[in-house]
Every structure is written in structure tokens, then in C-alpha cells.
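Chain naming follows the written order as A, B, C and D, and within any one chain the residues start at number 1.
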Amino acid sequence: MIELALFGAGRIGQVHALNLAALPDVRVKYIIDPFANAACEALAAKIGARLVDADTAFADPALTGVVVASSTDSHADLLLRAVAERKAIFCEKPISLDFTTAETVAKRVEASDVPVMLGFQRRYDPNFRAVRERIAGGSSGRLEQLVMHTRDPGPPPVSYVKVSGGMLRDQAIHDFDQARYMSGEEIVSVYAVGNCQIDSAIGAAGDIDSLLVTMLTASGTMIQMSNNRRGPLGYDQRLEAHCAREVLFIDNRPQTDIRIASSAGELRAQPMDYFISRFEAAYRSEMVDFIAMIRDGAKPLATIRDGLEAQRLAEAALVSIASGAPVRLSADWKP
Amino acid sequence: MIELALFGAGRIGQVHALNLAALPDVRVKYIIDPFANAACEALAAKIGARLVDADTAFADPALTGVVVASSTDSHADLLLRAVAERKAIFCEKPISLDFTTAETVAKRVEASDVPVMLGFQRRYDPNFRAVRERIAGGSSGRLEQLVMHTRDPGPPPVSYVKVSGGMLRDQAIHDFDQARYMSGEEIVSVYAVGNCQIDSAIGAAGDIDSLLVTMLTASGTMIQMSNNRRGPLGYDQRLEAHCAREVLFIDNRPQTDIRIASSAGELRAQPMDYFISRFEAAYRSEMVDFIAMIRDGAKPLATIRDGLEAQRLAEAALVSIASGAPVRLSADWKP
Amino acid sequence: MIELALFGAGRIGQVHALNLAALPDVRVKYIIDPFANAACEALAAKIGARLVDADTAFADPALTGVVVASSTDSHADLLLRAVAERKAIFCEKPISLDFTTAETVAKRVEASDVPVMLGFQRRYDPNFRAVRERIAGGSSGRLEQLVMHTRDPGPPPVSYVKVSGGMLRDQAIHDFDQARYMSGEEIVSVYAVGNCQIDSAIGAAGDIDSLLVTMLTASGTMIQMSNNRRGPLGYDQRLEAHCAREVLFIDNRPQTDIRIASSAGELRAQPMDYFISRFEAAYRSEMVDFIAMIRDGAKPLATIRDGLEAQRLAEAALVSIASGAPVRLSADWKP
Amino acid sequence: MIELALFGAGRIGQVHALNLAALPDVRVKYIIDPFANAACEALAAKIGARLVDADTAFADPALTGVVVASSTDSHADLLLRAVAERKAIFCEKPISLDFTTAETVAKRVEASDVPVMLGFQRRYDPNFRAVRERIAGGSSGRLEQLVMHTRDPGPPPVSYVKVSGGMLRDQAIHDFDQARYMSGEEIVSVYAVGNCQIDSAIGAAGDIDSLLVTMLTASGTMIQMSNNRRGPLGYDQRLEAHCAREVLFIDNRPQTDIRIASSAGELRAQPMDYFISRFEAAYRSEMVDFIAMIRDGAKPLATIRDGLEAQRLAEAALVSIASGAPVRLSADWKP
């Protein structure tokens, strides 16, 4: 039996807990949440977990691992503590909003032999994973151009923007990660333009709501991102991998399989409404892989290094937006 | 807490048990399965149920209802017994392969006030349900022509054909049910042609593997079915409702959201591979509605009468195939 | 130079004339139209044709062939006269609304060696032709079930219904022809239901506006048609060929390549609005083949026999609708 | 009767000539082609034109206008001469590969009152035009992000690259033009990356075969292009206009309306194979508008100024690729 502690039982914590509960010989033994509310208690009751504080959980020698889904500012400390206590770790991104801290934590993790997996769920999505495997397998030919789209269904509240690190660090970071994942290469140059076209309150809070990014890998693969905070079609999350022998498209998935045809034309349903529904299978698969990492030593698809490198790209894009010039990257580039 | 007994823990019984276990204040207390195997025991362990015999289950005064997912020949007796014991019932179709028995059981159920729901999962599928509700709501205009497709991914073993009642009673019965569900009317005429084009072993066993059906409702709505035992594209399960103001299509759902474009053209994935995956949401919704029937007295979407009437259409189609002539139906028509 | 005479310069006659005019070494020398109007004169001017009477045209020894696009009741006489004068013939369907006459004409044509081609344009459409060729080539496996849809964008005026021979002879006849074309077999049984659900004026005129047909070929292939006079999505003209190894779908073609995605869902354009636009390529190809028949003796895709046999099926369907029973067909079946 | 002279009867000249010949009261009287070959003579015969030299054509006072489809290096002189002779002009892009010359010619044309239309056929395509009109009409909301794809089916011969001005001036220029057309604004900044990933011979000839471009308009609209010389799916020519209220997609059009479904998945046909077939309707519409410009003084969709401005963007992108930095544009920016 693998016994786990869950830090943070908010929306995504609930998803992870239920996915873990459905796996054989896995138990979420503890939930640690400073803001434990009714939903948190209901979850604990449903999966047979105890609401405790962090010390209680870490003190349990039977505890095998931790799932960190708490607020961003707690990630770094929890990562360091879990490494020190030698517990396997699943941690939602980012490591820390402060890049230097993130770098320090990543190095500490890598210096240990504690297995750590980062929560880039898109890598675990069956579609994205299959596309990556097909490219890596060689049958598509070399990846030449990668075009990605990420648009949220609506702008977040300004209060969220203020603590999330902004659009590049909370949303576009998944695309930065996909850039490295899909190409299998490091990025050597980043150019970004960002502005506020959708919600002026976001601009007033110092963030952007619209973004284009251009990147190059060492081998010359070209990567393009277009992102914003409100796609009028809903949650818009697509990818085009233009390879030498074929093009791989990942489309949005419509909410239903119904088409309605009339004199107005033929209407399909909107896509899955947001990340929880769109990436339902990805979240399930993430926990399966987390357990496989603990049980069999399987290498995670998303490492702490991947988290750090995606963050480096987000920081570089912010510098590019501010300076109006492309940023040339090296392994030790810092903002 | 609603406490239930599950009869039959085969493939579909497992699905129901796990869906019930995920609902709040619902417990599958007993599993009754004469062929209890390892999978059955694993299920019991996972959901905290006890493996018992029928008498033990029925003797428990706390038992609120039963889920009948056992072999077809046990349905009639279990329905009668559960009615007698005043337990709410969810029963997989068919009531009985013998139409007279089915009719007797249906009458007995209807004469009682025990809530009974029949397992026509397609009625509970979000796509089929939304289409029916749109038609019933009037915005589509009158239903004029209904075209349905049902093709299995591959022919069943002959051993199954021999006990299932054959293609009309085990497979096409869902389309017969949809004919009544979508039109909201009774059928007044049935014409069917059936033959064996795919697997001669099925023919040797006295069944067909290919089928076309034409039906008319009292108001003149035209209904068409095409079915077989092996669709080369996999599990083919579609519907077109041609109404006066719009056409509603239910498509197959591809297994992925990936398209692969090359000089060969653009390739999409095969559809969901069979009913368990294709109707996953339908099965979840079915149990939600079963609990709502018990808890709030909600009327089920599929009643025992619906089960009987779909069976009457299957019997009429068999008569039509044998005679080569259409069959005119009335409320008391029998094979 | 191939010199031709066009009988009838209405809508479809104009299409043929312009398609012929675009071919090298082909000349439409004469137009014969008893109701010659301004459009007719404009056509003659554009393509350099003379408006004459039939005798003048037939008297010209340089005349190689005739295109018969005049009113239905003139077809039989023109066919007989052109055969007598030994002119190659392209004739729009039907041969005659009177089946006995049609049969007589067909026999006379077949007894001669004059090349005659019938205007079943759907056989010449690149989509339908490619599907037929793929089936005939064997790579799809045996055709097991064929499902066809034909719906007009709106009901015709009653005046048209009265002279056209009705829905089966003027519209569904193309599907009857496709049944034979796609299967490469003769039909052995026809069952049809027809009624009036859309336009009661059509019913008052003695015709139907809604139709389902079930057919079987000698080898057991199952064929299904659903037709009506007003598809709410516009001109609905689709086919599904379910073969042993693959399913071939012919879809409607949207009028544009635009999708509009919003909170309402994703909207595609309506299909091509009617047969002139939908089958534009088919009409071009038809004339190319007509000229090839004249020039090289190429066998036409649609012969006078095909015209007669499709008509036989339409007549059988009418008998089935009237009698309520399926009709068993033989080579000499007559209404 | 509008009488015209065609300069250059190559592939695109043939298309224009046949489209003009199909219009009422329009005559292509002269063809001027220094390399007049058999195809050129066949065209002249078909449409009743005379093969002459430029002086003969310009000397004819009945000549209303000229269509310039000759080699790029002849455009500037022909434009100047036709303006001097006061003939209406349709001219294929570009004005001149030399930007200063292009600017001089454009100013000369604008200083005259001779109607001149430039051959950006994509503006005339029914899909692109409808999308632009919908955006301009306001119902889509403000254009926020524009994403365009242009990929050729295969790399051109190096000999072509050497005279065409390269990928930016011969291919991407259409996207630069669409950037201004779709947004209805001038571009204020251009960033481009270009390299050679497909055909090293192109690189050896000093050109690129792969390109990404990022642009901003004055109002902040973000524009993204991805282009290359060999799309493995064939001719890839798509656009996504992300507006405030809806997203407008222009898709590739498949060559057929057939889908083939099997255990391998569902296969659609490749897109239209290249610009001649993909933009067939656009070329027809271009000539209709050219004649409307002559006859009714209708303002052309693509002016000489549009040609110059698109070229300015191509030049700016070349500067950006060379310098590695974005280029800020003003009305008098020059390479």
C-alpha cells in the first residue's frame, strides 16, 4: 500500500485525490489544508483521509509520498522539506515565482535521489503524449514548425493575476513546456509581444492578456505561440506539429457529438469548457505515472528541471516584451 | 444512506457498481453472483460490498433496491421477487427472451407501486438525451424521418448468439427503443430484412448478422435502421433526426482529438471502441437517475413498459423477416 | 470537329451547351427550343449556335449527335428519331413517363448500333464515381449495406409535380440508379413507404413528399434510401457504402471553407444549394464522356438500359407504396 | 465591348484570359508574349485573340485596358506605359523587385487617374473576402489576433527562387497583404525569423524555405504568420481571425467529399493541390471586379498602394531576419 499526503484540497487537489483513490493499493492518508472547508472535509470523508497538519504527516514513517497542490508560495518550502524527509513528490507548477528560488530548489532536488514529478498535465494528456511519441519515434520526420494556441474561456479576476505571477507564468508556461517537450530540444531564442486588448483591469494590474511568442531551437525548429485570456470560442487549446513527412494536429474536443444542421448552417458544440474537463484523462494519467514512479522507479514525463526550464522561457519572454528585442538563451541565462 | 444489492458482477455489473460507489450516500452492500470469480471479489473489496446469496440480500430490511445485471434468464424471476419484496429495481434489458413472460412480468410490475427502471443506457447518454429533449421541446419542428445506424466492431461468438436471443433481441432492441423514445410515439408498422453476410457461423446458428428495418409511427414519421455485427470502422452508433426545421446528427466520437495530415490525406482516429467506452457517461447518468428515482420518486427515462414495447418491435421484425411482409402493430400485438 | 444539336435550352440545356462549348473541336451548331426566349437567344449568341427547328438540324449531314434536354414528353420521339437518323445521343432521364413506351424505346435503341448515353449525372460526379471505382476495384471488400439520402432544399410547385411523374420518377430515380451502379447488381426486391408530411398540396395532387425504400440485390446486399422534398439543411445528398473492409462516405460539400466559432458553438456553411451547383463537376464530366463516346466509342457510364432499369425500380416502389407489400422483381417485371 | 490586351500567356495569363472570355461584352483582343509557344497560340485561337507586339496593342485606340501577367521584370515598364497611354490596368504582383522602383511607379500611378488593380487574388477569394467583410461589418468584434499559414506543396526550383525575389517577396507577400486587408490597419512592427530546413539548395541560393513572422498594428492587433516551401499535407493555406466575439477560420478545402473509414481511422482527401485550383473562384472574381472597375469605376479591392505596402512589409521582414531584431515601421520606411 502506497500512503500519501495531499497538501491543498482546492479544485485541483480534489481532482488528484479522487484519481489516486481510484487506484489499487494507493491511499491518500492525510490532507493538509490551512483553509480546510466543507468541501475539504467531504473529500476526506469520501476517500477515508485524515485532516492533519504538515508535521503530523511528515512524522508518519509509513508515508511514501506527497502531492503538493497548495498555493504557489508554499511549493518551494514543501519541495525542500519533502526532499529532506525523503518522500516522493508530485508538485504542481511553478516551483516558485522567484526564479532564483526555483533554481535553488531544482538544484537541491536534483542533488538528491528523491523522485520528483512536476504537474505539467498536458504532457500526460493522451493526445499530446501520442503526438510527442509519434514525433520522437521518427515516423513523422523532423519537427520543422510548431504552432500552439492557448486561450482561456474568460479573463481571471485581477486578484488572481496579482498572485499567479501573471499570464506568462501561470498560463503560457504550459506552452513553453510543450515547446521543449514536443521538440525534444532546448530553446535558443525567444521573442514575445504582449499587450492588453481584452480587460483593461488586467493591464492596470501590470499584466498582459494577449501574447505572441516566437522561439527557435538549436537545430532551427521554429515555434510559435498565440495566447490570450478570453477566447470567444471558449477554452482554446490546440497544437500543430508540422514535421517533414506529416502534420499532426491536436484539436479542441467538442462537448457533445451532436451536429445541428439548418438553413443557418451546421453547428457543432463548443469545446470542453476548461482545463479540469478538457484534461480529465491527463489528470488521471498523471497520478498513474506518479504511482509508477514511486513503485517502479519509472522516470517522470515532467521533471523538476522541466519546470525550471519552462519558467526560464517565461522569464525570457517577459524580458523580451519589456525590451522589445529577442532574448538569446543559454543554459545559465537568468532574468 | 441508500443500500443496494447487485445481482451479477460481470462486465456491466462492474460498471454499475463503480458508478454507484462514486455517488454520495449510496452503498452497494451486497453482490450476488453464482459464478463469483477473482474480479468479482476484487470489486467487492474495492467498494466494501459482501458476496452473499440472494436470500441474504432480500432478508435485509435496510436494503432499498436492487441492480439486476445477471444473465438474461434470471431477469424475470428477480424482477418478480424484488417487486414482491418491495425493493426499487434497476434491471438490464431484456425482461425475458420469452415475450409472454415479459408481458406478464411487465403487468405485475405496473400493477405494483415499486419503482422500476430499465437499462436502456442510450436514453441516458448525454447526446441522445439532448437530441430527444430538443425534439420534445419543439424547437426542431416535427420529426419527419429518423435514420439510425448500429454496427458492432466484430461478430460475437456463436455461443453468445445462442443465449442472447439473437441480433434483434440483444443489439437492435436499443434502436427499437430509440424509435419510440425519439419519436415519442408508438410504432404502427414494421418491415425488416435480415440475412447473413458477415459470419456464416451465425447463420448456421439460426441468426442473422445484417439487418434493415423500416417503421412508421401513427402520425406518419418514418424510421429507418441499418445494423450489422461488424462495422469495419469499429463501433458504429449514429443517429440522424430529420425534423421540419433542422436535422440533428449524433456522430461517433473519435478516440483521440488528433488529425494526421500527409500526402495520403487527413486521418482521424477510429471511434470509441465499444459500448462500455462509448456510453461511459450514459452509464454514470443511469445510476444517478436510478438513485433519484429511489430518493425523490423521479420518473425513470426507461420504464418496464419501454422494455416490453421495444421487445414487441424486435418480435415483429423477426416475424417480418420470416414472412417477407410488413407487420401492422396494435397495442396487443404478439408474435 | 464534332457538330451537335441541342434540344431544349432551359436550365440544364444551358449547362450542357456551355460545357460543350469549352471542349476543343466541339461545336453546338443548332439549338432547337419551341419556347425560345431571351436566355435561349443569348446562349446561341454566346456559343455561336443557330436557333432552328428539328427538321433543319436532322437534315444536316454534318451533324454528329444530339443532346436532348427538352421536356420529358419529347424524349421518346427524339430518341427514336435520332436513332433513325443515326445521330449519337445524350438524353436526359427519363426515357418516357410511360414505362411501356420507355421499354419499347430502350429495345429499339439497343437493337441499333447508335451510341446513346443517359443523363444520370450522379454517375459522373467525381465523388460518386471514385467510390464506385473503389468498390469495383475490390479494395473495399464486398458491399454489404448501402445507405443513401436525397432531400431537396424545398418542395417543387404542384405544377411541376403534375408533369414530372412525381417524386419517385423525377427525384428518387437517381437513387434507384445509384443502387444498381454502386452494387453492380440487379435488385430483386423493393419495399417502399411514402406519405405526405411536408406540403399537403403535393398530397392533394396525388404525389408524396417523403419516402423510405428498402432493397435487396441478388447477392444479399442491403440498400436503404431516405428521401424527401424539403431538407431543412438544404440540398442533402449523401451516401454511405458499408463494405467488408471499409466504409465509404460521400458528404455534402459546404458552400464555403469558413468556420465561425463562438459561445454558440462552431458553425459551418450550408451545403451547395442545389443540383446545378452541387453537380457542376459532374455535368462537365458528363459532356467530356459524351464526346469520348462519339469520338472513341467509349462505353457510357449510363446507358439507355440503366435508364429503363432505374425506372423499373421507381415503378416497383410505387406499386409497393400502393399495396403495402414488398415487390419481388424479375428481368421482365412491369407495373 | 471592352477590348483588352494580355501581356504574358503563361499559366496565370491563361487563367485570366479564359475567365475574361467567359464574361459578356468583354474581349481579349491581343496577346503579347515574347516567348509565344503552342499553348499561347492555342489560347489565342480559342478566345479569338491576335498575337501581336506591345506597340500594336497600345496603338489601338479601341483598347480599353491591359492585363499584365508577364515576367516580373517587365511589370514596372508596362505599368508606366499603360498609365501613359491611359489604359486601365490589371497587374500581377509585384510592381518591381526593386523597392525604390516600386515606390516610384506607385506614385506615378496614384498621380494619374488611370484605374489600376493589383493581383492579390486572395482578397478576391470568396472565403477570405467574406471573412474580411464580416470583420469590417463589426459583427465579429475587434480583431485581436490573426494567425495565418502558407505552405507550398513542394519547394520551387532554385532557378525560380533566383528570379522571384525569394520566399518573402513571391510567397509570403500574400500573407503580408492579408495582414493589412484583414486588420484594415497599417503595420507598425515586424519581427521575422527565417532559415533553411527543407531544401539546402535554396539556402545555397541565398534564400530561406521556412519563416515565422510577428506583426503588430497601430491599435495593438497581433498578427502571426508561419510559412514554408513544403507542407507535407500539400498546399496549406489557412487563416484564423480571433475577434472579440467570435473566431473565423478559413480551412483548406479537401479535393473530394469522400471519407474512408476503416480500422485505420477515418481518412479525408488532401486539400486542393495548389493555387490555381484552390483559388479558381478567386481568379474568376478578380476578372469580374477588373471589368467592374473599368465599366463602373468600382474601386478595386487591391490597389497599387496595397502592392507597395505588402512589399514594404516583405522588405522589413528581410531586414529583421538579417538583423535579428524587430523593425519599427513608419509610412516612409525603406529597406
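The working rule: contacts are C-beta pairs under 8 Å (C-beta built on N, C-alpha and C of every residue); 3 or more make two chains touch, one makes a residue touch a chain.
Just so it is clear, the structure is predicted and the values come from calculations on it, not from any experiment.
Q: With one step meaning two chains touch, work out the least steps from subunit B to subunit C.
A: So the least number of steps between the two chains is 1.
Q: Would you mind telling me which chain pair, A-B or B-D, is linked by more contacting C-beta pairs?
A: A-B
Q: Shared numbers divided by all numbers used: is that above or below half for subunit C and subunit D, i.e. same or different?
A: same
Q: Just curious, how far off is subunit B from subunit A if you go by their C-alpha centres, in Å?
A: 40
Q: Could you put a whole-Å number on the gap between the CA centroids of subunit B and subunit D?
A: For subunit B versus subunit D, the centre distance works out to 58 Å.
Q: Can you pull out the residues of subunit B that are in contact with at least two other chains?
A: Only 232-233, 245-247, 261-262 qualify.
Q: If we count contacts the way the header does, which residues on subunit C are in touch with subunit A in the complex?
A: So the residues of subunit C in touch with subunit A come to 232-234, 254, 261-270.
Q: Help me check something: in the complex, which residues belonging to subunit D touch subunit C?
A: Touch residues, subunit D against subunit C: 24, 46, 126-127, 130-131, 134, 245-253, 256-262.
Q: Okay, in this complex, where on subunit C does subunit B touch?
A: Residues 141-142, 144-145, 147, 149, 151, 189, 191, 193, 195, 197-198, 210-212, 214, 216, 220-222, 224, 226, 228, 231-233, 236, 242-247, 324-326.
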